[in-house]
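Shared between the two complexes below is subunit A, which has subunit B as its partner in the first and subunit C in the second.
Coming up: the complex of A and B.
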């Protein structure tokens, strides 16, 4: 079909506008990367745009020498492994029974409301904090993984996924004498891999990105996960340069608060950038899954 | 006979109930006990006595509402949150409509990937990014300098601060909404467009009479579901970017509670603000779900 003049103009304008918006999402990150790869003097002169000036890896060398960054990075890693593991166990154990019909699970509506109410109303910051204090979880990794151990929204997504799996397979297994646990482990979970992957990715991102709980539940900054540590850095970039000199002096000559911060922010975002392709694949699917009616 | 049946049924169900037990316990510990803990808003909290401290009624509510600046935080919260909600609908819908006109699949997918990315980064990272590009010697002021504009102190200026908050929030989140609306657009029956073409309707008319009504339910649904956020102006974002310089226009309820409760350890007054906020939010969320059910036939479970 031939396009009219008006349509051509519209399309040209449309492509231009959309590309501009795309650039607007990409350029800040390129700028940050360029800053992290430039020398401190070039950055201070304000001449760094999207290409590194006086290219140097000093900022990254500095970060990898910084024990605070490394410690925080490993705390975050530990948190993700422990937290997501716990999330998965609790979500599966909760979502599976709730995916059953009213006849198969006595008091199902009571259970469902018990969990859903917590999405609608909560105690808020202060009472939650006081409970964590009372349970003596302050300054332990458990304060980061136990309070959100059962993410209800993700659990509902998983529940809807379980509901959509064919009932016949489970019935066949049960006729063959498999108990509830065997059926779940050998039949339901293997066919639910896409659903499990979706919620697992959500949980990984959420644990990796959490910073506020680390900030309030850890009295000792040495126990901060990476995002909490980065938060203190964002608020006060100068503090990271206050490390007892020694053999850093040579590196420090090339680093300032801005380049050092840029390098650490970039490294902090890197794991997310690495799982991003998988996220994209599952995310819109998971989103629609959540709205499937029961 | 019937009794035996019942007992047998329960026995068969037992593993399912056992499976639910850990979730029930965790939820009780970390959701229901804190929920009960809001009672300290009506008490003079004493660490030794915990949640059964001496009852003082509405004392802390009166105190908090009398604090200088508190009513101002409500106004700031409403202003920032409502602007974010409005922008968070208009911008993604516009983008989805424009992106839908693009025929090149690779371009379409590539652009979605790009605009969707900031959504997955934490506000700490994005705040650090904003601090860098908006600083006096950052890229934005450098570009403005070429146009002969004096450097603007975006995050320290009380006029600019809320604007930056609203725009950067829309920037971070619009990719997500765009993907949702694009999914809704692909769900529109293509035969409708063909029928319209046969009737001689131009592209513009097709958009107006087929596309827009086609995604209207999704737009209504997303708007209604965001209603519960009227008092959520975005703690993660504002806490990482604000400073006393911009309290007048940038301080919101959540940052106020944080300073009062965690920094000054005034647990009871902070919990009182918390109750006020969750009370209003609860009413709005219930209303939102009721409306979502009526208008868009949406149920979360």
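Coming up: the complex of A and C.
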């Protein structure tokens, strides 16, 4: 189809505008990378923009210098695998029934509110901690995984997604003799991949990024997940001069808080960046395309 | 972006929840206090009986049991350890197995166990949680507010007797060098917590730092009066000290926290951030005194002249540091650590001539300057009332003070270097004279280079001082500008010797209204002062004093007098 002049101009502007918007998202990241690869004195002088100055890997050396990073990385990995697995199972098992009408699910509003109320009111830090202590979850990976094993917000997203799937497909399955579990497993889930991918990504990101619970529930820094460990690295160089008053010139020499923080942010974000492309195809892979005819 | 918002919402929700839960605690605490008091009373009495019984048993058991006495049988001591990610252990050591734990076992037969270990940034939080869940270890650190809490709840042991009997002379000397700090660990005459002390008033002092190559380029003399300092700032602003032909420099480094101006206010005998003991015996906050008004008027003039950056009101600390490092500004009001950061970066970017030299803060008039000193004690070592061997904690503190103050170079290196002394927390007690003595000793042998009399901590800094003098190694400029003869401590030492400082009346324990309102009062202070400096009429200060009083300041002052007044 031939495009008119106006359309062409619109398209040109559109591309220009969107590239600019894209660049706006990308540039801070490039700056971060440049800062993490520059010497601290160049960064302190504010002369680093998009190209590293006085190139050095010492920030990465600082962050990666001990086996602690690797240990913490694997704890984080374990947490994501366990946590997201548990999240998905519980979310699916909750969202599917709640997506049905009142006739199919007895006392549905009660159930719905039962979950929603946890989004509005929390137990508070100390009471939650006490529960974790009494359950003897303290200092175990389960203290990071079990509280919040059912992310209600994500569950609601999934529930709405299930609601939008065509009733006819499930009816067809039931006529063919499928039970509830078979319907869920063989019919609903396969057509819900975009929804599942979305909430899975949310869960992965939140498990990967959370650091506070690790600091609170773990009794030993060796059990910190990656983000908690990195958090301690960033805060401490500044604190150290005040607390130890002395000889930490070696660390200060090449790494100040800013380059270290940049390296940390970059390393911390990298795994998520690598997961994203694999989930991307589900987002773009057209919703329910061709599953209902007529 | 999404995440950010979610994070913020979460933070908001958590804060709300936490506040809610705190309020809940308060209520239930009040309701239960009547019933609880009797119980506490009993517990205290029991603890006293126990302590007496123990003392007898101990003295009966072994005659020579003293500060370094060894237990015949292994004693287990659980502790809450504070860790630091930058600690570098050697030979596969870690937090639970290192020179400190091994020496404890070999020398005292004390087995140290971690009830938990937490990063320095989370330690206080973990202590709160441990108090709430009643899972306190034998020995731990508390901050002043927590100290008040655990003593009121009767959770910790009376250390008066074990301290008298077991504290080494070194430890007692350290405590004597700041009696006021030590006494703050006493409740009703009983020693309930051992102050971890501090690095001395000298480590809190500020001075004027001036870029030396600019001084020489413009042929300026060392400042003697405050007007001299301002004149130097003026020259740096107007006379292109970096010689690049562009008007891109200014005089005095200030950021939006106004920290350096608050320090400079000492020159006007104003102490905006501390609580003052007035002559009539009342305690008043420094920020509402009329001297602050005079200082603000002067700062307004500096801003009009262009001596302050036009952007100071939006510049954070990083931006101010950036200006110092990139050679945009030549004067800073800073503590003795200036040479470490940003000093090292200044040298790396501008060459060795660009070193900042330190000068005493001069007075605005004929009256001598006094420097403001904050409450210095961060933590107290406390022992759980259920601990069977409270004296074990004292022995461990003896060990720490011996190694760090009297140890050999090898010992010092094995126990302390690369942040390894964090492994001794909560048995760490600082010597308030250490920094002061570093200056005295190092500056004395700077020429003769006779290091035989130096202690290990002095030797470490001495080597850096010499490294700068001989090799101009930028990484050593921090120690040189701090403890060498030309260093900042030399400038500050007379202030210590002549007691030219004002200590705050606040001793770490916050009052209820302070917890609630102090941060918003501080925010209002910064906002109003920024406006005044940028040109608003000075009458705004009088309005500020009024609103400060009516918005909670008056209540806080009343509470302060009740808590700390005579």
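What we mean here is this: the second predicted complex is superposed on the first by the 185 of 294 C-alpha atoms of A that agree within 3 Å, B and C clash if a C-alpha of one lies under 4 Å from a C-alpha of the other, contacts with A are read in each partner's own complex, and residues count from 1 in each chain.
The definition used in the following text is that contacts are C-beta pairs under 8 Å (C-beta built on N, C-alpha and C of every residue); 3 or more make two chains touch, one makes a residue touch a chain.
Computed from a predicted model, the values in this text were never measured in an experiment.
Student: Which partner does A:221 reach: the first (subunit B), the second (subunit C), both, or neither?
Tutor: After superposing on A, A:221 lies in contact with subunit C but is clear of subunit B.
Student: Between subunit B and subunit C, whom does A:51 touch in the aligned arrangement: first, second, both, or neither?
Tutor: Touch status of A:51: no partner.
Student: After the superposition on A, what does A:40 contact: first (subunit B), second (subunit C), both or neither?
Tutor: In the superposition, A:40 touches subunit C alone.
Student: A:9 in the overlay: touching subunit B, subunit C, both, or neither? Say first, second, both or neither.
Tutor: A:9 contacts neither subunit B nor subunit C.
Student: Check whether A:129 is in contact with subunit B, with subunit C, with both or with neither, and answer first, second, both or neither.
Tutor: Touch status of A:129: both partners.
Student: Hey, is it subunit B or subunit C that touches more of subunit A?
Tutor: Result: the larger residue contact count on subunit A belongs to B.
Student: Quick one: classify A:172 as touching subunit B (first), subunit C (second), both or neither.
Tutor: In the superposition, A:172 contacts neither subunit B nor subunit C.
Student: Which partner does A:205 contact after superposing on A: first (subunit B), second (subunit C), both, neither?
Tutor: After superposition on chain A, A:205 lies in contact with both partners, subunit B and subunit C.
Student: Can A:70 be said to touch subunit B (first), subunit C (second), both, or neither?
Tutor: neither
Student: Using the superposition described at the top, list the residues of subunit A that contact subunit B and also contact subunit C.
Tutor: 44, 46, 121-127, 129-130, 205, 209, 216, 231, 233, 235, 258
Student: So in the complex, the part of subunit A that touches subunit C is made up of which residues?
Tutor: 39-42, 44-47, 66, 68, 121-127, 129-130, 133, 139, 205-206, 209, 215-216, 219-222, 224, 229, 231-233, 235-237, 239-241, 243-253, 256, 258
Student: Where on subunit C does subunit A make contact in their complex?
Tutor: 3, 6, 13-14, 17-18, 20-22, 24-25, 83-86, 88, 94-95, 114-122, 125-126, 128-129, 132-133, 135, 199, 203, 318-319, 321-322, 325-326, 337, 340-342, 344-345, 348-349, 417-419, 421-422, 430, 435, 457, 460-461, 464, 475-476, 478-479
Student: Which residues of subunit A touch subunit B once you look at their complex with the stated criterion?
Tutor: Listed in rising order, the residues of subunit A that touch subunit B are 7, 10-11, 14-15, 17-19, 21-22, 24-26, 28-29, 31-32, 35, 43-44, 46, 48-49, 89-90, 93-94, 96-98, 100, 104-106, 111-112, 114-116, 118, 120-131, 134-135, 146-150, 152, 155-156, 159-160, 179-181, 205, 208-212, 216, 227, 230-231, 233-235, 258, 261-262, 265, 268-269, 272-273, 276, 279-280, 283-284, 287-288, 290-291, 293-294.
Student: Within their complex, state which residues of subunit B touch subunit A.
Tutor: 9-10, 13, 15-17, 19-20, 22-24, 26-27, 29-38, 40, 45, 50-51, 95, 98-99, 101-102, 107, 110-111, 113-118, 120-125, 127-129, 131-133, 135, 137-139, 142, 171, 175, 179-180, 183, 203, 235-236, 239-240, 254, 257-258, 261-262, 267, 270-271, 274-275, 277-278, 281-282, 285-286, 298-301
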